[in-house]
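Labels run A, B, C, D and E following the written order; every chain starts at residue 1.
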Amino acid sequence: MTNSVVDAPPAQVPDELTPGRSRWHGLRPYLPLVALVVAAVLPYSTLNLPGIFEGPLNSPGTLQLLAICLVFGGLAAGYDLLFGRTGMLSFGHALYFAAGVYGTDVLVTKAGLPLWQAAVLTVIGGTTLAALLGAVALRTVGIAFAMVTLAFAQVGAILVARDFGGLTGGEEGLPLDVSGLPAALVGVTNTVNLYWLALAYLALVVLVVHRVSGSPTGRVLAGLRDDERRIGVLGLDPYRFKLVTFTLAGGLASAGGVVYVLIVGGASPHITSSELTLSLLVMVVLGGPGTRWGPVLGGVLYMYLDHRLTAFGSSDAVNSLPAFLSHPLSQPLFVLGTVFILAVYFFPGGLASLRTRLAPLRTALRPRR
Amino acid sequence: MSEPVLSVEDLSVRIAGLHILQGVSFEVAPTGVTVLLGRNGVGKTTTLRAIVGLTPRGGEVRGTVRMGAQSLLARPTHRLVRGGLGYVPEDRDVFAGLTVAENLRLAERRGTTPAYDKVFALFPELDRRGRQRAGSLSGGQQQMLAIGRVLLNDNRLLLVDEPTKGLAPKVVTEVAEVLERVAESVPVLLVEQNLAVVRRLASDAVVLSAGRVAWTGDAHELLLETALTKSLLGVGSGEVHA
Amino acid sequence: GSPQDTASGGGDAAPVKVGLVYSQSGPLASYGKQYIEGFKAGLDFATKGTGKVGDRTIEVTEADDAGDPAKAVSAAKDLIGKGTKIIAGSTSSGVALQVAPIAAQNKVLFISGPAATDAVTGANKYTFRSGRQSWQDVVTAKSFIGDAAGKKVVVFAQDGAFGDANEAAVKAVIGGAGATVSSVRAPASATEFTPFASQIKAAKPDLLFVAWAGTTAGAMWQTLDQQGVLAATTVVTGLDIRASWPTFGAAGSKISFLSHYFDGASDTEAAKAAKAKIAGGTLDLFHPDGFAAAQMVVRAVQEGGDDVDKMVTALEGWEFEGVKGTMKIRAEDHALLQPMYQAKLTGSGTAFTATAQKTLTGDESAPPVAQMKG
Amino acid sequence: MNTVVLLTLTGLGLAALYFLVASGLSLVFGLADVLNFAHGLFLGVGAYATWWAAGNLPGAGPDGLGFVVAVLFGVLAGSLVAVLVELVLIRPLYSRTIEQVLVTVGLSLAGVALLQATWGADPRTFPRPDWSRQVTAVFGAQVPNAGLLLIVAAVVVLGALLAFLRWTRYGLIIRAGVENREMVTALGIDVRKAFTLVFAIGGAAAALAGALGGVYFGTVSPGQGGSLLIFAFIVVVIGGMGSVVGSAYAAVAVGLLQQFVNYYGTSGLGDLCVVGLLAVVLLLRPQGLAGKVAHA
Amino acid sequence: MLATRGLTWRIGEVAIVDSVYLDLKPGEFLGVIGPNGAGKTSLFNLITGLRRPTEGRVVLDGADVTMLPVHRRARLGLGRTFQASSVFGSLTVRENVRLAVQAHRGGSMKLWRRAAADREVAAAADAALDRVGLHHRGTALAGTLAHGEKRKLEIALLLAGEPRVMLLDEPMAGVSAEDVPELVSVIRSLTGDSGRAVLMVEHHMDVILELADRIAVMHHGALLACDTPDTVMANATVQEAYLGESL
C-alpha cells in the first residue's frame, strides 16, 4: 500500500523506444531541426498576431514573453526526465531552478564575478546540490520521496525569505546588477539575444532528454518507472540510476535558472515556492508525460497563459461581461485553474496525445478509394 | 435442457483498438459446471470480465448477456453481484493491505448471514490467519481467500477464473471438491487450464479460439475425443490424464 | 533588416505614451486599485480635465503584473519596445526594484508607486518615487516618544527585507537619537504569536515599533493585546488601508498609528479634487501615490517633451502641492519628501474612524540622503 | 514555568488547528488516495460561508446559539462543495492519481481566485462570540479562549473520526477501494458512494477548521486556507498517510516544536525544525509515525 | 554452486523459512515442492536478496553473498522469475527483453549512446523471444498481455540475462495446456550446458517429475526432504501433506 500511493504516470511508451511509423518515418527525424530553424529566425518576422501577442513577433515585449515560455518549456522537459521518464514524483524541482537563478544573481551582483564564471559555478553548484540532496531523498520512494523533496525545497524557500546577510533580498528579491554583463544581453533592444539564449537552452534540454531517453540508460529508466524491484533482479542498481537522473535533471534546471535570471533581470522569491514545482507537474501532465514534445508544449503554454491571462482579465471583452462572469474572469488564476481542469478531461494523455486522438478523425476524413 | 441461467449472445469486446472478442455466443446450464477453455490470450478472462461489467476503461462492449430475463450489460457491477453473481478474478485480487478477516468482512452482503462456517470448514487456513495481512499470504493462500470471499454468500451463478492456478496438488483436489459441491447448488462458469480438474467437474464446455467460439457441447465428449482435443486445445486426450 | 526594428517616433502632436505597470490582480490588487484611481484623478487635476499637455494627449496603457516581478519586467519591456518613455506603477517593492534597472538600461523615466522599500530611493538617475518610503514611517514613529535618549525600543517585524529595512531604520533613527534598540523577528508565515508576545513583554520596552503586513495581522494584534503588551507600553505601527482597520479589533484604540495617508488627513486643493473624482469619495492610503505620479508625469512631459534626460532634470528638486500637501523631490536621490501623520483610531465593530493627531512636514520626516547608484 | 504553560497551551491550540486542517486531508489522502490540494478551498468555503451566515442567515449570528448555527451552516457548505467536487471532478479520475493532483491544483487556484473575485483580497473581520477574544488564566498564564476552543474541537473531531472508522464498514470499504476499486464492486459494494462520503466528511472537517480558524485569526481571507495547508500536509505525512491518530500525534509534535523553538531559538528556526522533522521522520520511517494505514 | 547454510527468516516468533541447507551443483535441476505457504517463494526472496535472512548464509560459487544487495547478486549470475508476473508494463515486449539483455551485457550507464542502434542486444533479445514463442507479440505493450503470455515473457527476461543459477517460481502457473510442452522444453534447455543450475518451484507434478534431477520438499519453512524424484514421491509425509489423493 505504501508504495502504491503514487502511481507511475500514465503509461506512455517513450517515443524514442517505439518503432517509427510508416509515412513519417523518413521525415520525422528532421522535424525538430526544422522547428529549431523556424524558431531561430522568428525574430526577423514582423508578423502581427493580434490577440495572441501584444505586438509584432519581433517586438521586445513579444520576444521577452516567448523567451520566458521557452525557458519553462525546457524546464518542464527536464522535469519530465524525472517524472515522465523515470516515474520519480519530485515536489522539489523548483529548488534547483531557484538555485540557478539566485546563484547567478548573487555571484554577479554581490560577488561581482563575470557572468560566465558565475554561470559555470552556479550550474556546478546546482548539480552538486541535486546530487547531495538526491542521495538522501532517494532513500525513500513514492509519496515519501515527494514529501522529502518538498521539504528540502521548503528549506530553500525559508532560507531565501530569511534573507541571510542581505544576500537574497528576502521577499523583495534581488535585481541583477547588469553593469558587468556583456552589452548584448542588456537593454530592451537586445531582448532578441535573450530569446536566442532561451531557445538554445530549450534545444539543449530537449536534445539531452531525447538522447538520454533513447540511450541504454533511458531504457533502464523506463523500466524503473514500471518496476523497480525487477530492475534490481536484472542486476542493475536502481538507486544509482535514479541518482544520476535526479542529478542530471537538477543540473538542467539550474542551467535554466541561469538563463531565466538574465531574461528577467533579477530573482524573486516566487520561484522558490512549492507552487512552482506543482506548476511544473501541471505543465508536464498538460503536455503529456514521457513524450518528447508534450512537456515542452505544456511548459510553453502554461507560461504563455500565466503571462497573457493578466492582459485577458483586464481586456474590454471581459469587462463588458456581466459582473458574475467578468469578476472571476478578470482573475488570471481563476482562468488558469479552470483551464487545467478542462485540459485533464479533454486531453487525457496531454496535448501530445492530440496526434493519436485525432488519428481516427484523420482516417475518417481521408477520401476512400 | 431447461432454461440456461446465463446466455451470452454475440458478445464483442474491443480494447484499445484491438478486437478481442468477436461475437461470442454460448449458454451456461442452470446446473453443474460449464467450463470455458482455450489457449492463453484467446479472451477467456475478457469474457468473464465483460459479463460482470469490468471491462477496462475505454473498452467497448457489444452484444447481449442475460441472466434469466435480466439483461446484464448496462448494469453496474455492484448491482450484478448483489443480485447473486459471484466473481473470482484471475489474479486473486485480494486486498493486500487488509487482513484476511477484513477481506472476508468486506465480502459480507447486507441482509444475509455470511456463511463463515462453510468457508472456514473448507479453508481452515483462513480462520487461523485472520489477522495476517492478505498481501503477505502465500500465493495459494490468497487463492483460497479469493474463493472463500464469494462462498460467504448465496449466489445464483459463479464466475471463476483459473481457481487452481498455483495451488499445491492436494489443494487443487480440495478446491475441485469444493467447486464440485458448490456446483450442486449453484451453476458455475469456470475458466480452467488444468484438464484433470476440468474432467472431474465440467458438464458442458465452451472452447474459445482467437476471440470466437470454436466448439460448444458436452465436456466429456470433448475430452474423450483425441482428435477434438488435439485440434481445439492442442493436447491429445491421453495427456489429459497426466 | 535586423531583428526588432521598432518604429517609435512622433511629431509634436503625437500622443505621449505612459505605461502603468501595477497589480490589478494578485494579493496587492486593492493597493493597485487605489493607485490607479489616484492616478486618474491626478491626471485630471494636473491637466485641468483635458488629459492633454499642450496639444499632446497623455495616452495611458495599463498592464497587470499580478505582483510578480517577472511579469512586470515583461510588461515594461513590451511598453518600452513600443516607444513608451514613461513608466509608473509598481505596487510591490519587488516589482519596483526589478523594474528600476530596466528603466536605467533603456533610459526611460520610471516613477515607482506604493512600493515602500528604501532601496528605490537613489536606485538610479531615471527612477523616482511617488509614494513614501519605510524610513519616513520610522521617523514618524520616533515622534511619539519625544526625547529618545535612554529609552528602550523594540522592533517587532517580519523576517525578510521589509523587516530588515524597518529594523535598520529604527536603529538609525531612534537608536541614533540615543535609544537602545533591540528586535523581535517572526517568520511571515507565523500563525501563532504568543512566543513573540512573550519575548516582547519580557523586554519591557518604552516603545514597541511593529512592522507587520499580511493577513495574519489580526491574530497578531489580538495576541499582543491578550498578553498585555498593548497595555504595558506605547505601541506604534503604520496605519494600513481602510479595509484593514476592523482587523485591529479591540486593539485598535490602544495603538499609536503613524500614517502615510487616510481620508481626512489633509484638506488641500488636490485632496478635494481627488475626493470629488474617485468613486465613493473616500480617500485611502495609496490614492496620493497615484495622484502624485500623475502630477509628476505631467510635469515631466511639460518640461521634457520626449527627452527623458530633460524630464529627469525637470523633476529633480521640483516642489508641488499634492494630496498630502507640499511634496518635494529631493534632487540628490529622488526621495519624495512629504508630510506624514500621527493618527488615532476610534470606533468598534466594522465602523472605525481615524483622526490626525499631528502632522510632520516633509523636512521633519526626511530620510537621510542616499547615494545615487547609477 | 508560567511561560512554559503558556507556550504549551498555545502550542496545543496551534496543534489543534493543524489537526483540524490535517484530519480531513488525511482522511481523503489516506483513504481515497487523493492528494487534495483543493483542501484549502474547502477551508475557505467553510470560513466564508460561516462569515456570510453570521451576517445574513436568519437565526445565525456572531454570538451564542446564532454562532453555532453559523458554523453549522459553514460546515454544511464546505461538505456540500466537497461532495460536488468529488461527484463532478474527482469521480471520473479515480486510479489516475496524477490527473487528480492536477485537477485539485487547478481547483485550488480557481477556487481561491473565485473567493477573491467575490469578496475581495482583503481580510474580512470574522464574526465571533466575545468570550472567544478573551483569555483564561491557567497557572498564571493568559491563555486565549480561541485556542482552548480549538483544542476542544480537535478532540471532538478526533473522537468522531475514530468512531466512524471503527464502527462503520466505510473505513474498510474505502481502504479496500483505494487498493482495487474494481474488486470492491465485484464484491457487490457501491464503492462510489463510500468515496463521496469520505469527501463529504473531509470537506466538513476542513470547513470546521476554516470556521474555527476564522475565530482564531479574527479575520478571513481567500488565501488563508492555502497557507495553513502546507503545515497540514507536513502533519499528515509525518503522522503517516491516512492515520487519523498519527495526524493527531504529528500535529501535537509540530505545534509544540514550532512554539518552543520560536520562543527559545531565533525566528524562522521553528519552521526549519518542522521541515527538518519531516525529513528525518520520512528517512527513518518512510511510512510515517503511525506506520500502517487508517486502522481506526 | 549455490548453497544455503541454515537460512532462516523469522517474522516475530514464526519462522517462515526455517534453517534451510541446500546445495545446488552445476548442471543440476532441483525441483522445489511444498504446500502453499510452505515458504518456497520466501526462500527465493532470501536467496536473491529481496529479503534479509535473520540467520544463515547464502553462498554463491564459494563466496558469501548474504549481505550483498539484489543487483550485485544478479550480476554474479543469479536470475529469477516471479510468481506474480512482474514485467515492465509500459514497455513493449521487445523492449522488455532488450532491457534484460542490456542489463546483462553491461553498458547500461551510457547516457549518450543510441540504445536502438545496438544490433547485438536486439539480436539476443529476439532470440530469447523466439525461444519462448513470443516473437509475434514483440510490439505489444507488456502490460496488456494475457496472463499466460506474461509468464512466457518472464522466462524470456530470465533467458536474456543468461544467469548461471536460475530460480523459477511456478513458471507453469496459468500456462495453457497446449503450451506446456513447449515451455517445458525451453526450461529443460536451460541446464543444457552444464555450467548452469536451476531451482524451480512448481505445483505441476508431471512437469517437476519430468525435469528435476532432485526434488526438495518444503513444509512449514523447513526442508522435509531432498532426494531423487522416486524417493520423494514414495515418501508418505509428502504424499499426505502435499500431493493428497491425486485427481
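FYI, contacts are C-beta pairs under 8 Å (C-beta built on N, C-alpha and C of every residue); 3 or more make two chains touch, one makes a residue touch a chain.
Given the structure is predicted, the values throughout are model-derived calculations rather than measurements.
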item	value
Chain hops separating subunit E from subunit D, counting only touching neighbours	2
Chain centroid nearest the full-protein CA centroid	A
Reference subunit A; chain at largest CA-centroid distance	B
Chain pair showing more contacts of the two, C-D and B-D	C-D
Between subunit E and subunit A, distance of the C-alpha-averaged centres to the nearest whole Å	43
Averaged-CA centre spacing for the pair subunit E and subunit C, given as whole angstrom	74
Cα-centroid distance, subunit A relative to subunit B, in whole angstrom	49
Interchain centroid distance [CA atoms averaged], subunit A/subunit C, Å	36
Multi-partner residues of subunit D (at least 2 other chains)	116, 179, 268, 271, 293
Subunit A: positions in contact with at least two other chains	1, 158, 161-162, 330-333
Junction residues of subunit C, two or more chains touched	159, 187
Footprint of subunit E on subunit B - complex, ascending	15-16, 38-42, 45, 90-91, 125, 137-141, 143-144, 162, 165-174, 176, 193, 195-197, 199-200, 233-235, 239, 242
In the complex with subunit D, residue positions of subunit C that touch it	26-30, 159, 184-187, 189-192, 194-196, 198-199, 215-219, 222-223, 226-228, 241, 243-244, 246-247, 249-250, 350
Subunit B residues within the subunit D interface of the complex	52, 54, 76-78, 81-82, 87, 89, 93, 95-98, 102-103, 105-107, 109, 149, 153
Residues of subunit E touching subunit B in the complex	33-41, 83-84, 144-149, 151-152, 170, 173-179, 203, 205-206, 241-247
Complex contact set, residues of subunit E against subunit A	48, 50, 69-72, 74-75, 79-80, 82, 86-92, 95-96, 98-100, 102-104, 107-116, 118, 139, 141, 143, 157, 161
